[in-house]
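In the two complexes below, chain A is the common chain; its partner is chain B in one and chain C in the other.
After this line comes the complex of A and B, so read on.
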């Protein structure tokens, strides 16, 4: 079952205008790679040259901050929702 | 009425709000090494609420009081993702006004706790819509509750740039004995750049406005104007030079400011200094850079993760 990925308007230009799309994969890295196949250049907006989440990008898998679950290795359960939020809208560890 | 610096100070004399402004100006000796221009940092983190937004927050509230817009049963309302919320919450706590702040959900714990500590009420909006989503919700609430809310609207409020025209600008002129040649500041609401331009451009100071280089960025408080809701007070013509700044270099400079200069700044301070350093490679003079806030406000973000 695919996961739903929700993106901020600031990434619209990287996904052909989409802010909500479906993707498949068992980890966050897999999900990003799946989107990259359809929208080349997307990965570089989210990850740095070393393949880590950019410091100013926060990703939530359901309610969990991906950084606290292994970063790009974080597991993404089937059917869950992944949300990408610019860090400028807040910190990394909301309660 | 038109506010003056003396009038605003008198209104808040004897309270913590009297200590808003008159922030230090510090030379960046190590960062300036090898550059043609000499960089000086205006440390707005020294304000009581910890950021440059204390100035606009105070002036917007006093202006509304003078215009008779606030009274029994009415509360102030504004949209913010950070520093303006803390500033308004501080000012309203001292002045005795109720305040509602509209913020994107998932703002950091520090910010939520700070504004609640000052007694403000929070309305949270879709985090994916960022600050612009909070602005749209504040506008909706203001239109729906005209009899109960006074929408301060920092993006359109003329008291915002006026605070900088009559306080920040004259301070910089006085602190440099009139030797300032350039002022570098980021564009968010644009109140700082617009006000500094009005104060200092007529004296021959070149105004440098800096924006993030991408819609997706980590420079808190700054706006990527091509993709953001445009503030009504913004006018590109107020600046002599427009620059863009990437987040990665901004973060690197934020960390360098702490290590090399002992200045614990937020990411927008590092961004402004990074842009100013590029400028100072080419241009000589005394370049004043506005450091909008301190790094403490970002301790729970990846900014300070080693």
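After this line comes the complex of A and C, so read on.
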């Protein structure tokens, strides 16, 4: 059973404008690889050169923060919803 | 077709009540930066969602609590709303996107509203930020 991946914000330009898509895989890494096959370049928007989640990308698998469940090794149960949310941050200036 | 036509600046209708809520949030949070979202339908903001600033240096930086973001996105989905704007305050500086604001913006479809408290009368300005491109959006109070 596929999982639903939702992409609010700027990441949707990496999926041809889709904000919601289905993907298959047992871990977050598998899910990202599955989307990468259909939308080349997606992986690089989510993961850094070392294959870790980029600092400004938050991923929730259901209610769980993927970082607290092993990062890209986090298991993704069948039928779950994966939300990929770029951080909302900024500010006047660094000190 | 574009040549010869005047460029029309984008405008953004912001109800006085919503503006007042954002300014009130900025004042309550000072000297820290306040942050939050505006949700609505068909591009028009209908309600303010206050969020917690969880940045370690909240006087000059903001970071919206990611869990509140998650909750807000789900709630907007349930209500058939969209993210219309992201606001934050600059307690002591101008209401213009700083280099940090530009570097950390990831929502080109949302208007970034900035509230400045540097003067007695708060200033609110709106911008689109797409990579390093910043375009001001004219705010129409209604």
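Definition applied: the second predicted complex is superposed on the first by the 88 of 95 C-alpha atoms of A that agree within 3 Å, B and C clash if a C-alpha of one lies under 4 Å from a C-alpha of the other, contacts with A are read in each partner's own complex, and residues count from 1 in each chain.
Methods note: a contact is a pair of C-beta atoms (placed from the backbone, for glycine too) under 8 Å apart; a residue touches a chain by one contact, two chains touch by 3 or more.
These numbers were taken from a predicted model, which means no experiment stands behind them.
Asker: Name the contact category of A:55: first (chain B only), second (chain C only), both, or neither.
Answerer: Touch partner of A:55: chain B, not chain C.
Asker: Where does A:33 make contact in the superposed view: on chain B (first), on chain C (second), on both, or on neither?
Answerer: Neither partner.
Asker: Tell me the contact category for A:86 with respect to chain B and chain C: first, second, both or neither.
Answerer: both
Asker: Per the contact definition in the header, classify A:9: touching chain B only (first), chain C only (second), both, or neither.
Answerer: both
Asker: Is A:19 touching anything from chain B or chain C once the two structures are fitted on A? First, second, both or neither.
Answerer: The first partner, chain B, only.
Asker: Who wins on chain A residues touched, chain B or chain C?
Answerer: Between chain B and chain C, the winner on chain A residue contacts is B.
Asker: Which positions of chain A sit in both the chain B and the chain C interface?
Answerer: Comparing the two interfaces on chain A, one with chain B and one with chain C, the shared residues are 6, 8-11, 56, 58, 60, 83, 85-95.
Asker: Can you check the complex and tell me which residues of chain A touch chain C?
Answerer: Listed in rising order, the residues are 6, 8-11, 56, 58, 60, 65, 83, 85-95.
Asker: What does chain A use to touch chain B in their complex?
Answerer: For chain A paired with chain B, touching residues are 6-11, 13, 19, 45, 48, 53-58, 60, 67, 83, 85-95.
Asker: Give every residue of chain C touching chain A within the complex, in rising order.
Answerer: It is residues 33, 35, 37, 51, 55, 57, 60-64, 66-67, 69-70, 73, 83, 86, 88, 90-93, 97-109 of chain C that touch chain A.
Asker: For a test of understanding, state which residues of chain B touch chain A in their complex under the given definition.
Answerer: Residues in contact with chain A: 81, 104-111, 127-132, 214-222, 224, 227, 247-248, 251, 267, 298, 300-303, 305.
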